[in-house]
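Letters A, B, C and D mark the chains as written, and numbering starts fresh at 1 in each.
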Amino acid sequence: MLTYTIRRLLLAIPTLLFISLVIFLLVDLAPGSPASQIPLTVPPDVRMKILESMGANDPVHVRYLLWLKQFFVVEPLVWIDGVFGTTHAEGMQRILSWQSRSPVFDIIAERMPQTLTVVGSSYVLGVLIALPIGIYSAYRQYSWFDQLGTFISMVGFSVPTFFTGLVLILVFAVNLQWFPSIYDTSLRVTDWASFVAQVKQMIMPVMVLALYNAAQISRYMRSSMLENLGQDYVRTARAKGLGEQVVVLKHVLRNSMIPVVTVIALGIPTIFGGAIITEQVFRVNGLGALLINAIHGSDLPMVQTLTFIFAVLIVIFNLVADILYGILDPRIRYD
Amino acid sequence: MFDSAPRPPLVQVRDLKMYFPIYSGLFRRHSGDVKAVDGISFDILQGETLGLVGESGCGKSTVGRALLRLYEPTAGSVVIGGTDIASLDSENLRKARPQMQMVFQDPQASLNPRMSLADIIGEPLDEHTDWDAQKKLARIYELMDAVGLNRKFANRYPHEFSGGQRQRIGIARALALKPKFIVCDEPIAALDVSIQAQVVNLLEDLQDELGLTYLFISHDLSMVRHIADRVAVMYLGRIAELSPRDALYARPLHPYAEALLSAVPEPDPSLARRKERIILKGDVPSPANPPKGCNFCTRCPRVMEICRQVKPELAEVEPGRLVACHLYSTSPDAGSTGATEAKERNQQGVSP
Amino acid sequence: MKLKSALLGAVATLAFAPAAFAERGTDGNVKVLYSQAVSIMNAYLSNGTKDVEVGSLVLEPLAGFDNEGTVFPRLADGLPSVENGGIAEDYTSITWKLKAGLLWSDGSPVTADDVVFTAEYCMHPEGGCAQAARYEGVSSVEKIDDLTVKVSFSTPKYNPFTAFVGATSPILQKAQFANCLGAAAPTCTEANFKPIGTGPFMVTDFKVNDTVELAANPNYRDPAKPAFATLSVKGGGDAASAARAVMETGEFDYACNTQINPELQAQMKPGCKGHSVSGFGTLVERIEMNMTDPSADLAEGERSTAKHPHPILSDMRVRKALSMAIDRALLVEIGYGEAGRPTCNLVPAPIIYASDNTDCLTQDIEGAKALLEEAGWTVGADGIREKDGKKLKMLYQTSVNPVRQDFQAVIKGWWNEIGVDVELKSIDAGVYFGGDPGSPDTFQKFYADVEMYANNFDGTDPEPYVAQYTCEKAPKPESQWQGENINRFCDPAYDALVAELLQTRETEKRAELIKKMNDMLTKDTYTIVPLVDRGRLSAHSNTLGGVVLNVWDSELWNASDWYRMK
Amino acid sequence: MTDVAMEKPRSQWADVWAQFKTHKGALLGLVVFGLLIAFVFIGPLIWTKDPTYINPNAAEMIKGRNKPPSLVSPLGTDQLGRDMLARMMKGGQVSIAVGLVAMSISIFLGTLIGVMAGYFKRLDGPLMRMTDLFLALPLLPLLLVMVLLFRDPLSAAFGPEGGTFLLIVTAIGVTSWMQAARVVRGEVLALKEREFVLAARSIGTPSRRMILRHILPNVVSPIMVAATLGIASAIITESALSFLGLGFPPDFPTWGRLLFDGAEYIQQYPQRVIWPGVAISLTVLSVNYIGDGLRDALDPRIRGR
């Protein structure tokens, strides 16, 4: 398993390089321009100057190679410098955002905490809600619980987050005034009061996202459970006189988890991708907002770097999913 | 058996090898092989049942599957009815499939849960005939009659049947194309004892009726004794002994066969008292790394020095009995010849 | 005249200053919300108004504009004028004197060197300075003494209040930015995020495109200001929720530019937590008529170029009819409410430059129909007018924006009514305004018959704005489609007026010329069809005092005067 | 051989339908979905108001804006006085069509790629890396590029509306198949090891029919889930696309866009979001129940119960 993992990771390098090239060309080909952010009052010659100073007018291969160098050489050196206090990266050009003219990695590091807290906890919560609901709905298929669960999860899935977010704000922030409608990213949790404040401001965005995630995962869980409940080994297990709990929770669940684990593991990178709309609605300003902003502003270095990190996570979690698969399903061997 | 007129062999297996490669390290270098089947040769005569016995993991099922080319054999030839199955291209292989079929171990797992009985039995017909629906249906019903399934069941699905019935479906499917040769891969292992006899009897009846040739793979020695004409005993990818059934059961020659058969319950109590169980010590070596010399040398109660150095060849030591053991090497230079793998293409497995 | 208005402005500013002023930092925290988040604090590298405005809390220019658009001194010790000798007789130089005793927030003194450095910083050819236009025509900036700077122009500059005036050209501290000249400018992240300034606040924490935390500047020149100890700016989200956060939930004290639909404005009115303020500048939502042929049948490179005049819109009567069919008051009503007013002018303000042209304000469907008949367009079988077998069909494009889409739909209705077939198209703003020469969907390429967007001019002088409509400034393939004369209007008489304007010194005469040019573009030719004069609508909480909306300079121009009402 | 014995086995589809009928939810879903289809496609023949009509008379228009439901306009009017019922019908045509077609494309691609990757060991690596690539690609620039490259040729070939429709469904389809592919691949990997696949191989069933006969029917359940979820996301994605100016012309109503537009007016005129919201949810719910029923009906183990 270990050599398999290492080998997959090594194989990932050419894959990722290829992905980075495709992303770069794609973003470059997209018909936006960083100039769209500059007010119309700025005359054309000044615009050209600004674009030149960003390096946006260089040929595409020059920019791509520069980005590769910055991503794989300069940024790690900067990181080493930061950790060990050395000065290897002195004088080297880091990846700079065109929008804010600041190092892309600093911005990402700044955004990471709120994204992980809000989107991450909503994902965990979503999974925690989805699994029991999915299991029980399948076990008691067509019971009122199942019907209700189906109904809620379908509504949760079919109603977009901008809508649920808005409704929550109107109810809980405007009318009841229980929670703030705007997420305060500068809030530091130092004592009980600030902890309460943090929880309060997280409740609404987390609820919105958890509902959405739970809706999806519970559907997969339910269907997978149903598939397995119909298998013969379940009948055999029951015939053996095993308790219902053991049959369902040990035999069926273990087998049903196989496809669901894939779905869950593959969903994890989306945490880092942020939740574009929800972040916008509650002004969480996490990585999703960062990406969408950068895309709208055609901030190529930022889009490229973020998407590439995202690609790395996807590849890694694909691997994680495959390994989990191997653990859960002994028929699949990797060595 | 040997008194009857000589029948031509239907299946000729020569030096069949089935290695599963082991890749290791970061770059997946080919670092070795699991030698599941390591150079075996035997013939199966027309209308005969060859039993293939051995402990689990000795490569019995692999032989069965390699014979039908469900696995791609590493080396060797498998001639069935005159064509070398092991070297056919995929289209010709497909055309050759009808003459050889398989009955699987797990009747539950070998039937697609989403196909009805008629569809399952009819699948071979769909693949290999251009009959119209009516004709196919007629054949399906005929097959169902033949294996003793009620025609009313045609629309039912595998989960609605008992284990024995499912195995009948599997047999009907195997018979659909009127094959000459059927590999029965532990067909009764997953069945209740009461059902086992029914299925075995069915197989025997069908053999008589249709003149089928069986390779009957099993670890159940009593059942093999019941059905087989000749029996091959396999150990760690090689055949230890290939003898007519009665001779083998009466007096096994190879020490492994002896040990294996000593575990068979003896129906005759007088004989049973005389019999001593031979308990083998140690574990079966890994097929990825079999011992040098005789495969069995690590556990053989009568091991000699030569056994650790030289691989014994399967040789006819008594009429009709082939044994791969140094105890029976008549030739004084057996050691040197046996050591070389030069005599790969031995014809010793061929019975006259 | 300039001095007088400046003084009046100063008096006006003072009048707003509350009497019950305690001392610096006693009113705690004030929270400001921007729907676009702040990316950088340095206006010279900024991409947008929000950066300039928040940056103005820290960095200040020598002089600024007040809420009436008049110049008043900030760091300068009085305004230079021809009368006091600050401006040379021939308008080729202006001499600024700094207030004595000014300190940067780090305690070091503000000197003429900083001013000279600032000019050097923005005029550096590799710096990509976003505000380079403010320094156009500046030939040199010299230090006379520690507190005096002389700015010389290469040609007479009749409006010398460009460099160092307004939030878009603040003074940088030389010590902090010395190593950030030219290509190095964007690498000075720390300086760009936390500039040392002279303004009422200084940055304590900066999160890109998210929040800015500021604290009162201990060295601010007025020891009693600002009243707030800290100020936080949050960005992101949409205008409606920003307004809601101030007016309904009361989470924030001030929300900038909360352009929300009138229904919502009315709905939020009764909100007891805050109210909205509006002010009008020069931003005009308009329809531009394409004077060239955008037909896809033309070869790429000839499409929408002066080579092929527009087959339909070249006829002034059609353009006029299209304008007449529009009810601007209704547009304001459905789109902007109190943040808009109907206009027929390209230059709606300042008052002295605004033409009295109002004849477009009444909708005249019948008149429009008659005009089209007169132009030879007769109603066909399907209700669409046609002439010589050609249908009267318009492709009408704009950027994606709910109000613009409503406008498109309504105007399409009116144009259908007069027999014009309309196809609508909306384009992502990043593409539309991006100017990417590879994209067919930019507003400069104008591959449509009519298009809608809003534009304005910086500061109070419309000269560069009206000068955009000369023949040579039309976007064309040779110039990579860059150019400001979007509708490719071309009239030698207009070009002559532009030349004359550049030579004219007297304000009244300039105003006259500008009005004339405005009329040429609008009511005389209907090349540009102005729709709505868009104001700024901001919201502030009922407990925030001292707010004066300013559309000529940074919206946060007088944050030092803000205080908490008790 | 008697006649009874030679009786043809019943058609499987009759069994499927018989089982489907016993599934109350599925039947209800079918009825609701049928009604929705009738509403959007037959409705406009009865309710003939123009969904984009705006009263050119300003005074009338102002009076006709944001009306609550009445006899004149049973679902009320929007902020420009357009009839909501007509807009809902017109919008539904597009939304349902986009939802179904885009979902089909995505499911087709996902299943195809998932089965290929799971079944053919050699294709597994390349196909899964391609899946990674698609998962990693930023959606918006991808769509922008697609629009840039294909809008004009497609419009020329299929007319502006047909071209846009094709562009949108393809865009949504090719950017949403990845999850289905991953799930299907996983199932196929496990299925491939089952003995009945080996049995079919010993019969000589070629790969193509092996997949169609033995693999696909056994992965139908996760595909059904992906399909129902896919319809909802296709409808919503379409609205996001239109909203970004990448979709249909701006005055062209779709349910997603109506919902988006209405969100702004949620406080004053909640019905503006309720209609499209309910319509989308109903579509998704009914399709989900149909999918549920179909999955059960297609599974003989459940059917036998």
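Note that in this section a residue touches a chain if its C-beta (ideal position, glycine included) is under 8 Å from a C-beta of that chain, and two chains touch if they have at least 3 such contacts.
Keep in mind that this is a model prediction, so the values were computed, not measured.
Asker: Would you mind checking which chain's C-alpha centre is most distant from the centre of subunit C?
Answerer: B
Asker: Using mean Cα positions, find the chain sitting nearest the overall protein centre.
Answerer: Central chain is A.
Asker: Counting in whole Å, what is the centre-to-centre distance of subunit A and subunit D, each centre being its mean C-alpha position?
Answerer: The mean C-alpha positions of subunit A and subunit D differ by 24 Å.
Asker: Could you grab the centroid distance between subunit A and subunit C? Build each centroid from C-alpha atoms only and quote it in angstrom.
Answerer: Once rounded, the distance between the two centres reads 38 Å.
Asker: List the centre-to-centre spacing of subunit A and subunit B in whole Å, with centres computed as mean CA coordinates.
Answerer: 53
Asker: When the centre of a chain is set as the mean of its C-alpha atoms, what distance in Å lies between subunit B and subunit C?
Answerer: Subunit B and subunit C have C-alpha centres separated by 88 Å.
Asker: Could you tell me which residues belong to subunit C and also touch two or more other chains?
Answerer: Those would be 428, 431-432, 439.
Asker: So which stretches of subunit B touch two or more other chains?
Answerer: Residue numbers touching two or more other chains: 159.
Asker: Please output the residue numbers of subunit A that touch at least 2 other chains, ranges allowed.
Answerer: If we look for residues of subunit A contacting two or more partner chains, we find 31-32, 295.
Asker: What are the touching chain pairs in this one?
Answerer: Contacting pairs: A-B, A-C, A-D, B-D, C-D.
Asker: Where on subunit D is subunit B touching in the complex?
Answerer: The touching residues are 1, 5-6, 8-10, 12, 15, 194-196, 198-206, 209, 213-214, 217-218, 298-301, 303-304.
Asker: Inside the complex, what are the residues of subunit B that reach subunit A?
Answerer: Residues 23-28, 108, 159 of subunit B touch subunit A in their complex.
Asker: Could you please specify the touching residues of subunit D with respect to subunit A in the complex?
Answerer: Of all residues in subunit D, those touching subunit A are 25, 125, 128-129, 132-133, 135-138, 140-142, 144-145, 148, 179, 182-183, 186-187, 189-190, 193, 221-222, 224-225, 228-229, 232-233, 235-236, 239, 256, 259-260, 263, 266-267, 273, 277, 280-281, 283-285, 288-289, 292, 295, 299, 301-302.
Asker: List the residues on subunit D that touch subunit C in their complex, please.
Answerer: It is residues 52-56, 58, 61-62, 65-66, 79-80, 82, 144, 148, 152, 160, 243-246, 249-251, 261, 264-265, 267-268 of subunit D that touch subunit C.
Asker: In the complex, go through subunit A and note every residue touching subunit B.
Answerer: Interface residues on the subunit A side: 3, 6-7, 10, 232, 335.
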